[in-house]
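What follows is a pair of complexes built around chain A, which joins chain B in one and chain C in the other.
This part shows the complex of A and B:
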């Protein structure tokens, strides 16, 4: 009888404990992020979409060698005397093949980095061509993409960026 | 290129606000940090202010509207006098009056379902730290149920090939009609009752028992083994939980000495020592035990978790609802919420003093507002149980009923006898 009563009491008590837990959580703020209207700011070391600064780059080719997906290619600028200069003639990065490992950023010798991962995680591409970006000197951080319809390179306009200017490391 | 030029070119990150609101940096940590001091979050403070506003606004509206019950009878006599002047026969006036009252009563379970579904989704979401519906309607998905209702209306009505077509059609009707008819003797406040039956308690239990028939019919006529299992389990469960549910009310009836629901609610007016209300739940031991048994049995009667064996999704693919779609399914759903409301109204009348205010100085609010507040609190308890407890196993469900609830409710009747003997 005593065992039975203590069993009943314990069951009742545990029931109340469970109820208390859910009641507590009910009055705590929800952790949901309402994504399209609310966005989380990533951690500072988050590896988002790679950005490239054509002015800071010295065209050493370290990132080309470091890239395991072989998505980077570049060409040196050549001076009027036919000498290679520490500047790029062009630089391409295939976002479709990039695996966001960060080795290009790690190997980049300039300070600040010429190629680095921004915090941008909303990389959306309308076409395959938009994934392959090309930079010439003076281009902005996101480069230009080839458009086969008019055979022109142009900046990708409808790209959403969380940041107007990505973080430099 | 020097360091300075680079620094001027690249400033600190400026977050692009044109594509949405970026959350504060601290919200990206897992909520343990956020939950330690939720009052620091401005959104939390705003939400609390809105809730307080809704509560006080509802109370103010109730205070302005005042008592509704005593205004009904003068309205009827006014209509009667007008009919006498125009030469309209009085029985016609009475018929129209009854029809109007019936329409109002019919609206009660419908509006309740509209509200309760939304509430259930919001409360379940917040108990799981989610937000629930947020987009439909202007405020926190307030019109989500309307959208769901429209969806159910335009859905195809599928009747299975091997179903018993007539019984399949009849089953939702048999479930929903008792659920609506059972509201007749329920008081919604002082003098606010459709039919003030002297035998109201028995009527409610008897009529709501008929719904079991509809559930068995649904299970049988679907021609589906899962539906049949669900229907049979439901029959076993509902019939057996009806016993402790009825027995737990007997102490209340013994103490009140009447079966009339509004009389039972009215008897609980007044306060012990000017502070503790004379509600039946505050009668020592007997009241609390009766309430606990009635609450548990009511949750079981309404087929809700943790007693939702008949419509268990994981075991029975939703049991007797499986082969129903569109409005037929909606009728089952409606009857479930109607029964939840009915149980909560009964509990408010039996154990929480109906429209009596909990403290003497709160008497400025009308009785229907207190009745509504108590009923909504009890409905919240139903939702709270649903999102806290896991489902019972079938055999344990029956064990719990026959070996625990029934003996306890019988003992409680004896205890009520002792209490009455002590009080007299």
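This part shows the complex of A and C:
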């Protein structure tokens, strides 16, 4: 009986000590970020959604070979004499298969990088087709996606980006 | 009258599926329980729900691509996975990483250990019905993840440790931020003790269940804090020092009885030791003998073709003795890569120690082992 009572007292006392600790934390400044209204900009090395610059790319294919999930494909542009030019004809990247590992960015030889991880972390897609992006020369950093309803390639409109123009790496 | 009621009660054995979607399995583990009343008479852990065939996937990728897959094994502490893989491949190819890279490796391993044990601390509390510690644990874990995001760009899957070194040096302001974290973190360990460790209700709940003797733990091949809680102080960092662990001073905390509480408290003490190691690494990295930028071994080819042969390297990961066995046939892709995942071996003992437990204790015992199903099933 005495043991039981002392246990009850001990448990009660220790719970009070724990509550005192949580009470002290109550008066500390809040660390919560009110997410949808307030958005954290990640550190510069953050690996977010890959962006691609079709003008800077020299179509060397290093990123294609580096990618562990084989989500990148490209074709060289061909000049009128039939020679391969250091420019792309098309470039595709499947965000659905991307590992976000950064090997494509590391292998890219151009300066600034033609393919690099932007700071975007809100990679939300409405359809599966939107995950597969295609670039032709002159397309913007986010490319176009095929829409099988009208069999057209179009820019994905409802994508949210953390920065308007991603910082180049 | 009473006798009649007792005979009318069903005394049949009953079969219960624990999981694979039970929240306290922390993943997808099924335990087939046979119970008699409240007592378990047979428990069969059934693994494989998260099997992705990673060991086979290694064979279809070259050595630098295969590194990305190692993150996906134990995703709560991905850094030691990278490290163990790289040590195995380096041993295979005869590469010696520079000293600065080795210090950085030890530094990030210990930070990962803190982050990983914080997840254990939080989720074990939740399993035991204490929700508050979870919030405290994740506040601190967030700080470690911020440090990693600053360092390598990943918050969960880092791919930071590379064959021959590490991928990036410390960015400006990182060291100060890390020291700030350690000064904030050390007193928090006392808070955790107040909140959970020495609460009599929690101790009463965990001190008497899941007892494992030292000999039994060894015979089942337990490793990491699960083994050390039972007594044997085997730690790869002491037994076979890799990286720079022979130059760092730390102790290996051990438990006595091998109860759930011992396994829990072993991890809490380990976090304190990890914090000390982090400080020692930061001091060493600030010395002029280790100039910034020397983070990669010279002459490591982009397409690595190690000579034909085999190599094994193991490290003390957050969950125990993690080993990689790499076999090369001198081609760019590994011929075979075997992973010795500590969680997989830790799960095996469940069938023995769950027998005789009450149903309510299954969650306590399972939670105290801190398994990650990504590593169990691979």
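Annotations for the structure displayed:
Here is the rule we use: the second predicted complex is superposed on the first by the 145 of 169 C-alpha atoms of A that agree within 3 Å, B and C clash if a C-alpha of one lies under 4 Å from a C-alpha of the other, contacts with A are read in each partner's own complex, and residues count from 1 in each chain.
We take it that a contact is a pair of C-beta atoms (placed from the backbone, for glycine too) under 8 Å apart; a residue touches a chain by one contact, two chains touch by 3 or more.
Just so it is clear, the model here is predicted, and its values are computed rather than measured.
Once chain A of one complex is fitted onto chain A of the other, the partner contacts of A:133 are absent, as it touches neither chain B nor chain C. In the superposition on chain A, A:66 makes contact with chain C only, while chain B stays out of contact range. With both structures placed on the common chain, the touch criterion links A:45 to chain C but leaves chain B unconnected.
Once the two complexes are laid over each other on the shared chain, residue contacts for A:103 go to chain C alone; chain B is not touched. When the shared chain is aligned, chain B and chain C each come close enough to touch A:18. Using the contact criterion defined above for the overlaid structures, shared-chain residue A:113 touches neither chain B nor chain C, since it reaches no partner. In the superposition on chain A, contact is made by A:10 with chain C only, not with chain B.
Contact with chain B, but none with chain C, is seen for A:56 once the two complexes are overlaid on the shared chain. Taking chain B and chain C in turn and counting the residues of chain A each one touches, the greater count comes from B. Within chain A, the residues touched by chain B in the first complex and by chain C in the second are 15, 18, 21-22, 25, 31, 42-43. Within the complex, the chain C residues that touch chain A are 61, 64-66, 68-69, 132, 136, 139, 142, 146, 149-154, 157, 159, 167-168, 171, 191, 194-196, 198-201, 204.
Interface residues of chain A, counted against chain C in their complex, comprise 7, 10-11, 14-15, 17-18, 21-22, 25, 31, 42-47, 66-68, 99-103, 106, 117.
Across the complex, chain A is touched by residues 1, 6, 9-11, 13-16, 19-23, 25, 27-28, 30-31, 34-35, 38, 41, 43-44, 47, 123, 125-131, 134, 384-385, 387-389, 404 of chain B. By the touch rule above, chain A contacts chain B in their complex via residues 8, 15, 18-19, 21-23, 25-26, 28-34, 36-43, 55-56, 112, 119, 122, 160-168.
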